[in-house]
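When the chains are written out, they are named A, B, C and D in that same order, and each has its own residue count from 1.
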C-alpha cells in the first residue's frame, strides 16, 4: 500500500487520547502506517467478566477491535470514521495481560472501507478477530471523503 | 416460548453484578423471561467516544448487546454462556441518556443459541442492533448443556 | 413506514426476471410494499447440497436472502442496490419445498440501508436469517441516491 | 499447521461432485492441505445478476465461500460440516471469468471451527471475503467430532 499516512502518530495519539473510553482504557498507539495501526491496552480489573475465571468481557475485545479499525482508517482519511457494522469472532479467553490489537484496511473505497483486526495476548495468541465496515464518505454531504 | 425461566431475576442480577465490567457500567436487569431480558445502563462520561459530539463509543453498545445476549441465554441455560461470534450494526449515535438493551433468543439449540438484541434510547429510537451466537453445549465435555 | 413504493410490483418483477440467477431459480415476487418484499422460490434438484439428506445448499439460502434484501431496498431506491456485506445464520435444513423469503428495510439512510430477511418453508419454520447492508448512495458520484 | 489431511484430494472431490449445487457450478478442487482448500469455478451465464453490467450474483460468491469453507474443515473433520453462520463482504464486481476461492481454517475447536475465505479473479483481485463458523461437534450426540 503506497498511500501516505495523513496524520502523524502524535496526531493520531492526541486524537485517541481525547476519546474518553480510549483514555479510560489507557490505549496507546504502538505503530502506525497508511492503512494499518497497532494499539496497546494495559489490563484493568474492570475488564473482567467472569470473576472466578478472570477473563475480559467480550465487549472489551470488541471495543479494542472497533477502536483499532477506526484508527487504521484514520491514517488515510485524516479522522476516525463512523462504524457501519462489525463482526467479532471470539477464539480464546483474554486473561490478565496487556492486550495488543492490530488493524489493517484491506479495501479502501470512496464510500466505505473494510478492515480486519485482531486482539492478541503477550504470547502472540489471537484472542478475537474483527471485520468491520467504516464510512469514508462525508456523511453530511453524502460525498466521498476525499 | 413455553420454556421456564431457570434463574430468577434476583439470581440473574446477582450474577450480573459480580461481572466487573457490568458493575462498572451499572447495569441492572429491568425484566426477564425465558429467552428474553432487558437491561438498563445509566450514562457515564467514560462512555464518550467523540468529545465534541459526545456520543458513546461503539464498543459500549457492543458490550451492552453482548451482555444482554448472554443473559437472555442464561435465562434458559442457567449460566451466561460463551459468545462465539457477534454482528453489530450501528444505526444512530448514542447521546447522553440512559441506554436500554433488550435481547431475545430466537433459536435455542443443543450446541448453539442465536440471539437478537437492540440498544434503544429513552425516545425508543434503536441505536444499534446485534445478532449473536452463543455456546449452549457444555464446552468442557463437549456435551449439550442440558 | 410511510415512504412510497417507487417501483410497481410489475416493474420489480420485470427487473428481477432479467437477473439470470433469479430467472434460473424461478423467483417470483409475491408482495411488495415500501421497504418490504416477499419472494417465492420453487424447488430445484440443483439446490441440493447433501444428496442423502437432500437439503438445499447454504449458498441457495444466501442467494435468496441477498436477492430479497436488494429488492426490499429497490422498492424505495428505484433500483436494486449493491450489497456491501451480509450475515447469514443457518437455523434448520431446507428440505424439498417451495421456499419463501421476506425482507424488510429497518434503517434507510442516505449512504446505506440495513435490512433483515428470513427464509421460511411452507410450515412457516424459519430456515435461515440474514442481515445485510446495501449502498443507497449513488456510487459513481458518491452522492446520496435521492 | 501440522494436522493431517484426513481425506485425500480425490475423496474430497468425489464428495464435492455428489453435491448437486457444486456439480451444477462445475466446482473442482485445485489443491488441499489440512485446514486449507482451493476451488475453481468456471463461469456460467446463469451466474449473472445485472444483465447490462454482467457481473455475478452475490449469492454465487456466497455459495463459493460457504462451499470452500466447508471443505477446508472437511480436510480435518473427514466430512463437510454444517455452517452455523457466515459473513460476506463484497469488494468488487465478479465479471465473466473463472473464479477461484481459497479457504483456511484459522481456529479449529472441539465444537466449532472458524474459517476465512476469499474469491479471486484471474488477475488475483479479491472480489469478496467470507468469515464462517462451522459445527465440528457431532450434532446428533452433541459430542465433539473427534
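By definition in this document, a contact is a pair of C-beta atoms (placed from the backbone, for glycine too) under 8 Å apart; a residue touches a chain by one contact, two chains touch by 3 or more.
Chain labels with UniProt names: A, B, C, D = Thioesterase domain-containing protein.
Quantities reported herein were computed from a predicted structural model and do not represent experimental measurements.
Among the remaining chains, the Cα-based centre furthest from that of chain A is the centre of C. Comparing the chain pairs C-D and B-D, the larger number of C-beta pairs in contact belongs to C-D. Averaging Cα coordinates per chain places chain C and chain D 22 Å apart.
Chain B and chain D have Cα centroids lying 32 Å from one another. Residue positions 84-85, 87, 89, 114, 133 of chain C each touch two or more of the other chains.
On chain A, the positions that touch chain B within their shared complex are 18-22, 24, 45-51, 56-60, 62-64, 66-67, 82-90. Considering their complex, residues 84-85, 87, 110-112, 114, 133, 135, 137, 139, 142-144 of chain A touch chain C. Across the interface of their complex, chain D is touched by residues 87, 89, 91, 106-107, 114, 126, 129, 131, 133 of chain A.
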